[in-house]
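After this come two complexes, each holding chain A, first together with chain B and then together with chain C.
Up next is the complex of A and B:
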């Protein structure tokens, strides 16, 4: 029986805003990834914003999954911004060596939208 | 006379306090002591008749801990009192047998008072040490340079513990002030060890993940060579002075400083 995902994926302007709301164990992380990629393809948006403010623990698998999402999104043709990272999560990610080179970390939703709009104009 | 005994055994006493202060203290203790022993209880200092005396001794030992007296000097204060009492007893009591038992009785009593004084002295000292430790923890001041621009002029000896604490403070400040640029100024840091340096690099990487750009200014040659040896690389703009850091931050934020034409 499949659980209902509590992560929301909303469309805002020309972008997707993905907000995981639950403790991201491995299965949830994979489902989150698949959901996002499906929506990216269906909606033909130009950008993806991952909001991690609801996540208080990130393990190495979750870190890798975010990297995978970003890589795949890039291939589909969308830039990826990350917002709402909590202080302790940021420290853990650095300690685990997760660098997320293809994700643009930004301070808040306003800046993320501004950033993605600029990217679109440039491309 | 007590005063003379004290100044003989602890000659630093007058570095910390005036003769008048010492006079007041000794007078006070003598008065309360006489009041307490007039109850003819010479043994149990936990009884109410000793309460005023104990309060006074507690105050004196706390003051001394604050002033920086050594344990010996504090002990000399109260033990000097024993010498005084013995002299008084020698003058007043004529029967040698009575004198011996009186000296013993008073000696025991003052030893108890001395232990009490000493205990409170140690307590006060511990409280002071704790206070200093707390003060040490609040040594990372943050400067709100401009809207969304914060700076941390680090100073003092940085170890991994302080660096870890700084990392947390910096990241919290980034969220709180929505700082798009954070300047870490190392002008006042002549050197730091490898582990601390590694932590600094991690702190800057964490700031990046939060969406803030870190600028490091004032890196000393010694710190620079440690960073190079680490081979991890400092993923931040590094500039010579805080001034240049602020200038760069303004550019990133799309701000411009213009001289007013008069």
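Up next is the complex of A and C:
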């Protein structure tokens, strides 16, 4: 089944804002990961915000994919902030023992932007 | 493909990637209809996601059956496949397979999210996972 991707990767200030779509299957998740890393390289931004407000299930695969995005982004020079995690999803992740790697969770976009401005690598 | 039977059960085929999304979406709606709150709906959808993926990847596809539990008030989910089966469940649930990406992390995680969890597997026959979640006590239909 072919789906129209509603995931988006937008530039905001010197950062990228990545918003995965609600129902992302495994292949789409991997494609999203690769798109983000390519865009990070191409746009030469130094921060990434992952907005999970539209994601209603983070299972072990999705958790691993988000972790891979964060750790890879970190390695190529970008700090990673995460916003929008739903409380029911957070509770479920904690119960399952899923952690997301080098992401910095923040309450909202304002705080994420503030955080990234202060984290800028190379001044 | 889905079919409603007389008992109010729902069957969902798991034959391709997108079916994992369908299975967990169906389970969430079914759970909501039974009266489960949002956190339990998400626990159930997440457990279904894990087990449906196992059925697809390790079991060559299968199907999920959702039904309201007859004895206690709650939801019963059965996911079966006719794949190669798993020879030793203790090893699967244990350390060896519980690395990131391993079969065990998803199974152990799904088990923690549900109230009852049974894993049956026979080499050459297939795998059957039965999971149940009870409505909070005091809940009346």
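Assume the second predicted complex is superposed on the first by the 115 of 123 C-alpha atoms of A that agree within 3 Å, B and C clash if a C-alpha of one lies under 4 Å from a C-alpha of the other, contacts with A are read in each partner's own complex, and residues count from 1 in each chain.
Here is the rule we use: a contact is a pair of C-beta atoms (placed from the backbone, for glycine too) under 8 Å apart; a residue touches a chain by one contact, two chains touch by 3 or more.
Note that the structure is a prediction, hence the values are computed from the model and not measured.
Taken together in the superposed arrangement on chain A, chain B and chain C fit without clashing. By the touch criterion stated above, A:101 is placed in contact with neither chain B nor chain C. In the superposition on chain A, contact is made by A:25 with chain C only, not with chain B. When the two structures are aligned on the shared chain, A:91 is found in touch with chain B and with chain C. In the superposed model, A:111 makes contact with chain B only, not with chain C.
Working from the superposition on chain A, the chain A vertex angle toward chain B and chain C, CA centres, sits at 50° in steps of 10. Note on chain A: of its two partners chain C and chain B, the one contacting more of its residues is C. Contact with chain B, but none with chain C, is seen for A:82 once the two complexes are overlaid on the shared chain. Note on the superposed arrangement: chain B and chain C approach each other to a least C-alpha distance of 8 Å. Once the two complexes are overlaid on chain A, the chain A residues touched by chain B in the first and by chain C in the second are 87, 91, 95.
Chain contact summary for the complex, chain B toward chain A: residues 167-168, 171-172, 174-175, 178-180, 202-203, 205-212. Interface residues of chain C, counted against chain A in their complex, comprise 16-18, 20-21, 24-25, 28, 38-39, 41-43, 45-46, 49-50, 53, 100-101, 105-106, 108-110, 112-113. Listing the residues of chain A that touch chain B in their complex gives 82-83, 85, 87, 90-91, 93-95, 99-100, 105-108, 111. Of all the residues in chain A, the ones that touch chain C in their complex are 1, 3, 23-27, 56-61, 64, 86-89, 91-92, 95-98.
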